[in-house]
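Structures follow.
Presented sequentially are two complexes of subunit A, the first with subunit B as partner and the second with subunit C.
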Partner chain A sequence: MEILYNEIPAGVGSKGKIRLTGEDERKLLLNGARWAVERGYGAVSDLERIESGGCIEGANPDVISQKAYERGRAQQGTLGSGNHFLEIQHVDEIYDKNAADEMGLFHGQITIMIHTGSRGFGHQVCTDFLEVMEKAAVKYRIDLPDKELACAPFNSPEAQDYLAAMRAAANYAWANRQCITHWIRETFQRVFMASPRDLGISLIYDVAHNIAKIEEHTVRGKKMKLIVHRKGATRAFPPGHPELPDIYKRIGQPVLIPGDMGRASFVLLGTEKAMAETFGSTCHGAGRVMSRHQAIRQAKGRSIWREMEDMGIIVRSAGRGTLAEEMPEAYKDISNVVDVTHNAGISKKVARLRPLGVVKG
Partner chain B sequence: MKFEILDISGDAGIRAYGDKCEDAFVNAGIGMYSLITDLDKIKEGQDIEIEAKGDSSEGLLVAYLNELIFRFDTYGFVGKRIEMDFFSLQHSAYYIKAKVRGEEFDPDRHERRLLVKAATYHNIRVQKINDKCEVEVVFDI
Partner chain C sequence: MSIERLKRIDENRLEIPKDYKLGMRTNGIIFVDSVLENTLESGSIEQVANVATLPGIIGPSMAMPDIHTGYGFAIGGVAAFDLKEGIISPGGVGYDIN
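Presenting the complex of A and B:
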């Protein structure tokens, strides 16, 4: 864990190992994880196991502000902070043996989970476009209950530019996770002095947790093209969906649902019912029950690090505060959340993963 | 303290006060920096100049705080003192020009608190109450 913590930049004020030139950053925004693989981060075979092949078409580097370029330059290949994490886990329960076999999951198997996104780059895109949208809302006479909900009609130039910028941010995120995946593999190879083949660290899936996409859905019996926003939601496409790669056509799309650092995370599968009832979507994670400050107050005088160690979980964290904010009881029990989606039929459980080691920002 | 931290599930906010709005804006900036790190450990060794403009008082507050966040997230600069060289909340120009004194964040010497990603418009408030000014802003964490 110590070596992983040193190899994967995490936390407030951490610097990435990659410095992007302007031209590089443009290519990255257009090509996402493909850019990373071309640069030697990971394998071509990873790409088919990433949502949209790790690259969403229609990104436009020309609509990105200079500030966003600057902010993104040194943050590629960094974990970030807050609820972002890197975990080493083990499979302790299989619910669907057939699907688990297809994914290469079995009882006792070690898994690694990465939760991060487009970092400061994506935030700068959001900040920049909030300003654009605020003006657009006035221009198109949209009455807003909260300024934070600023928006524009889909076919307006403002919205189309935003869509192209958001796609660039999605590509930044896919590249980011791909670089981190690569360094994790390298670290394991070094520590265990084993070849990639011996270790067999293969990607199960990479799914966006915060994105808007144009998709075809059936609404009142009619096929329609819709823009589906998944904010705090995860795509959960059923078996046979045309967007899925061949390896998952038969069982459906793997869905990764992270829980808090003490309890568990889950692998699920997308379903037809999700397609019919929730526009091919399921939950995002556990969700907080305590605000950050409440959690810090509750953690006063306690050593969360020690408590986790007593549970058999090694934690490395850049910030002391982060650990308190992220302590298990600050979150809902992920098992209950996942059971709701399973029983509702919008995604079905395949495996439960228990944390062994955690890197927090 | 001329500011307080607001308890919001999942995010964090600041309420800042001042005799004038100029002061409340300064205190909001310092309050935000205190979410990022322990300001007692920050030295005033470096000066940066920032500019921000908006279409309203609230818009200016968001733009100004986002500029400070940008300087931190991109160049690691943390401020300890903010001096307004120009501050206008006139309808003709919502504009700030300021000098920020502080230093570059060093994870070995400085405490890591929250990674503040952006200032938002959610429940934002810039208000004059009996000759005093009070501002409130929620950050995306």
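Presenting the complex of A and C:
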């Protein structure tokens, strides 16, 4: 854990080993994880196991603010803070043996989960375009019950620019996780003195959970293209869906649900029912029950680090504040959350992963 | 405005009826069972209802069981919009893109 913590930068505003030139950053925004693989981070075979192949078409580097470029320059290949993490886990329960076999998951196996996104770059894109959209909503006379719903008609220039900028941020996130994946493999290779192939460190899947995408769905028997917003929701496409790679065509799309650092995370599968009822979507995590401030108040006088250690979970964190914010009881019980999606049929449980070691920002 | 006005569809889903709030173009659906129902914040219910008022929304305004209050749209939210009549909103994706 110590070595991973040293190898993969974490914490608010953490800077990575990669320094992007302006030209590099533009290429990265256009090509996502493909950029990372071309630079030697990971393998081409990883790409088919990433949603949209790790690169969504239609990103436009020309609609990105200078401020976003600056924030993005040094943060590629970093974990960040908040609920983001890197976890070493073990598979402690298999619910669907057949699907687990297809994914290469088995009881007692060690897994590594990365939860991070587009870092300060994406945050800046959102900030920039909320300002644009507030004006656009007035311009296009959209009656909003809450100013925070600021939006623009899909075909307006404002909307198309946001879509192109958001896609660039999505690509930034896919590249970011791909770089981290590569360094994790390197670290394991060094520590265990064996190749990633011998160690069996292959990617199961990489999936987004804060994104808007144009997708085809069937609405009242009619096929329609829609712009699906998922905010804290994960795509959960069923077996046979044309967007899935061949390896997952039979079982459906793997869905990764990162939990809080003390309880568990889950691997699920997308279903036909999700396609019919939720535009192919399911949950994304445990979901907070306490605000960050509440959690910090509750953690006063406690050592969350020690409590985790007593549970047998090694934690390395850049700041005490993050640990307090992220303590397990600040979240709903992930098992309840996942059970609802499983029982409602919008995703299917495959495996439960228990944390062994956590790197937090 | 409160949780009493929601209707339980089945053991995993609550409905926000279309008449819950003025301007709703469709209903809302929150995926929660009776256990997670106790963790529902009134602010996040309002947010799911608010999204149902947006132009061009297709199908219900939905929220997953990990729902909690976010910027404009609830975290855990799913909403689809028509490409001709609908909108796109940064709040529907959030700050932590991807």
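The rule is simple: the second predicted complex is superposed on the first by the 360 of 361 C-alpha atoms of A that agree within 3 Å, B and C clash if a C-alpha of one lies under 4 Å from a C-alpha of the other, contacts with A are read in each partner's own complex, and residues count from 1 in each chain.
As a convention for this text, a contact is a pair of C-beta atoms (placed from the backbone, for glycine too) under 8 Å apart; a residue touches a chain by one contact, two chains touch by 3 or more.
Since we're looking at a predicted model, the values are computed, not measured.
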| item | value |
| --- | --- |
| Superposed partners subunit B and subunit C on subunit A - clash or fit | fit |
| Which of subunit B and subunit C A:271 touches, first, second, both or neither | neither |
| First (subunit B), second (subunit C), both or neither touched by A:127 | both |
| Contacts of A:162 with subunit B and subunit C, given as first, second, both or neither | second |
| Which of subunit B and subunit C A:148 touches, first, second, both or neither | both |
| Which of subunit B and subunit C A:361 touches, first, second, both or neither | first |
| Comparing the two partners subunit B and subunit C, which touches a greater set of residues in subunit A | C |
| Subunit B versus subunit C as contact partner of A:78, first or second or both or neither | neither |
| Touching partner for A:52 - first (subunit B), second (subunit C), both, neither | neither |
| Which of subunit B and subunit C A:318 touches, first, second, both or neither | first |
| First (subunit B), second (subunit C), both or neither touched by A:292 | first |
| Minimum C-alpha separation between subunit B and subunit C after superposing on chain A, in Å | 6 |
| On subunit A, positions contacted by subunit B and by subunit C | 82, 123, 126-127, 130, 146, 148, 150, 288 |
| Complex interface listing, subunit A residues touching subunit C | 82, 117-118, 122-123, 125-127, 129-130, 133, 142-146, 148-155, 159, 162-163, 166, 169-170, 172-174, 208-212, 214, 217, 219, 224-233, 278-279, 281-289, 332, 336-337, 339-341, 343-344, 346 |
| Contact footprint of subunit B on subunit A as seen in their complex | 11-15, 67, 70-71, 73-75, 80-82, 120, 123-124, 126-127, 130-131, 134-135, 146-148, 150, 288, 290-294, 318-322, 361 |
| Interfacial residue positions of subunit B with respect to subunit A in the complex | 5, 7-12, 36-37, 55, 58-59, 63, 66, 70, 72-74, 76, 105-107, 110-115, 117-118, 120-124, 140-141 |
| Contacting residues of subunit C [partner subunit A, same complex] | 11-13, 21, 23, 31-33, 35-36, 39, 47, 50-51, 53-56, 58-59, 62, 64-68, 70-84, 86-98 |
